[in-house]
Amino acid sequence: MGPLHTVNKSPFASTALESCLARLTEGAAVLLIEDGVYAALAAGAAADRLAEAANRHPVYVLGPDLAARGLAEASLLDGVRVIDYLGFVDLATRHSAVQSWF
Amino acid sequence: MRRKTFLFVSRKAPYGAGQAGEALEAALIAASLGQEVHLAYLDDGVFQLLRGQRPEALGTKDFTASLVELGEYDIDHVWVERQSLAERGLTEADLLVPATLLDRGEMAEIMAGMDVVVSA
Amino acid sequence: MKFAILVNEGPFGHQATASALSFAQAVLTGGHELVRVFFYMDGVYNANRLASPPAGECSTARAWSELAAESRVDLVVCIAAGMARGVREANLAPGFRISGLGQMVEAAVLADRLVTFGA
Amino acid sequence: MGPLHTVNKSPFASTALESCLARLTEGAAVLLIEDGVYAALAAGAAADRLAEAANRHPVYVLGPDLAARGLAEASLLDGVRVIDYLGFVDLATRHSAVQSWF
Amino acid sequence: MKFAILVNEGPFGHQATASALSFAQAVLTGGHELVRVFFYMDGVYNANRLASPPAGECSTARAWSELAAESRVDLVVCIAAGMARGVREANLAPGFRISGLGQMVEAAVLADRLVTFGA
Amino acid sequence: MRRKTFLFVSRKAPYGAGQAGEALEAALIAASLGQEVHLAYLDDGVFQLLRGQRPEALGTKDFTASLVELGEYDIDHVWVERQSLAERGLTEADLLVPATLLDRGEMAEIMAGMDVVVSA
């Protein structure tokens, strides 16, 4: 398995997500945390780019960070999977390393 | 104290690295001291006004509790930029407080006309 | 599996600390081993015993101390980053210890995964 | 005079500059400080947008922040004026207010 | 003309403090009045007397203290932000005082211009 | 201590809000402890390698002094992304240390192949 990439910045404020998505390799996965979760909004301007990445890589979003921000799962892009912290730990075990983008 | 117009500009999403709560606190103090306080929400700042936030799990205070009490501080000027909402797929119905929606150019004029502008 | 955590942000106005804490708890709940949490850069502010959050907020320094007490997690504050930011033995919260950056490198070597939170 | 807008973030990492330029009003000026000075690089990808703003508004860049970063004045966009901290203070006196973008 | 300065970032790993200090010095050199410097949010870390920067770096806390001593500039640390971050009377650098957010508002009213540095 | 591959990834410009110096310090310690250390510069991180920086006026230590001593720490792997340079109008001649230029895909493969990745 390739690395797990975490992104914690809003795609509307920072280029961190875009930068991460441009460097995904075979077997890599993306986990959106903190302000990174806003990228998963289906109706947001950043959705197309993430949807394209989600066709080739698993994309996860941290549920507790969605809830804190008042974002409903129903508002998320199709194909994005919501996980909790135990799921985050589990993903980390199943990937070769964890790389943070901020 | 002389009365000035104060604008508190929020451009950042809450929690991640934002100071939403501390900025709002400053606005409430300014209002308590008799200043004419305006709040402007643009860019990711509009996420601060989203209904249904539950930040307790992050260990941080729910600053939105102060937002719904703005009227008690005589803060009547809550400005939200329409384009910022639209880019994020949000509408006025998603906001937890009554606000006046402005177009980008109107927001720019509001910001340009204030005595004091505090960004957060 | 063995984990190490690196915390690079201070406890207020940044979610990174709360995220790191939740991740640390989940590592333990998930039956894994937490080799060490290393506090670097502004992360050293987490170890300041004098910090007392406002009503309604949770003290992350206290939460780390509790984690150390309950689960014997090794919490290490970078000495150079701490000196620069005024975090020293005199104001160190319980459960933290001060040491060098070598402890971060060692933790990353001993653990199977290093996970960074912040900036 | 309108406000003086300061921007302290790199245009390659943050949307702060773009956001600022989209809200300039008659008489407003822009001052690039800290990592904001990278926006003034003539050969950089952010140059076109800044050049367009410079046609309608004075654009300044803080010299000490250029020097710290190893950026030569010769590498800057035409029309961008380099000032020092005394110049920054002077600009603040000549504009109606100072608004920070970060 | 009368200026007030708001500092919202800590002294390490952020240039905002150095920028604010240079601006403050230029205000005075330019013959203007500096009504007050208010330290809010992570800016309160500037007032920590215990901080001692590594060799080759300048201590901004010391530089603020010098500015206060030489030019009688009023340096005010927000009490709530300071409490939350462990900056208190006990570790306050010389020349700083602790007070409430009202002092920030008052400074903005008394001054002709408020200039914010950070975050 | 077991020997692992460590990658220190720099994506931020120096000084503004960067931890260029602190990240480099960590890399030097890792090398001193016998680890195989790689440095990757992409996005705004390439600005850290620009010739002629003079940060003394900002009151911060000139971390570029450590950069030129990388060889003494046996750090031979300095990777710079070609596209990141180009987007900023920079060329290899602007860099103050010898580095290996990589295309975006090559950089991605380098990052994906490391035991430990530390971002700064």
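Going in written order, the chains are labelled A, B, C, D, E and F, and every chain counts its residues from 1.
Quick note on the criterion: contacts are C-beta pairs under 8 Å (C-beta built on N, C-alpha and C of every residue); 3 or more make two chains touch, one makes a residue touch a chain.
This one's a predicted model, so the numbers in the text were calculated from it and none came from an experiment.
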item	value
Each chain counted as touching chain E and chain F at once	C, D
Most distant chain from chain C by Cα centroid	D
Taking each chain's C-alpha mean as its centre, the one farthest from chain B	F
Same vs different contact residues, chain C with chain E, by half of numbers used	same
Centre-to-centre distance between chain F and chain D (centres being mean Cα positions), rounded to whole Å	27
Gap in Å, rounded to a whole number, between the CA centres of chain F and chain C	25
Centroid distance [mean C-alpha coordinates] between chain C and chain B, Å	33
Where chain C touches two or more other chains, by residue	13, 15, 41, 54, 57, 80-81, 114, 116, 119
Touching two or more other chains - residue numbers and ranges from chain D	8, 12-13, 15-16, 34-35, 64-65, 97-98, 100, 102
Set of chain B residues in contact with two or more other chains	11, 15-17, 19, 22, 43, 58, 116-117, 119
In contact (per the touch rule at the top): chain pairs	A-B, A-C, A-D, A-F, B-C, B-D, B-E, C-E, C-F, D-E, D-F, E-F
Partner chain F, residues of chain A touching it in the complex	2-3, 15-16, 19, 22-25, 27-28, 96-102
Residues of chain A defined as touching chain D within the complex	12-16
Chain C-facing residues of chain B, complex	15-19, 22, 58-62
In the complex, chain D residues that touch chain E	6, 8, 33-35, 64-65, 84-86, 88-90, 92-93, 97-98, 100, 102
Interfacial residue positions of chain F with respect to chain C in the complex	1-2, 4, 6, 17, 19, 22, 25-26, 29-30, 32-33, 35, 116-120
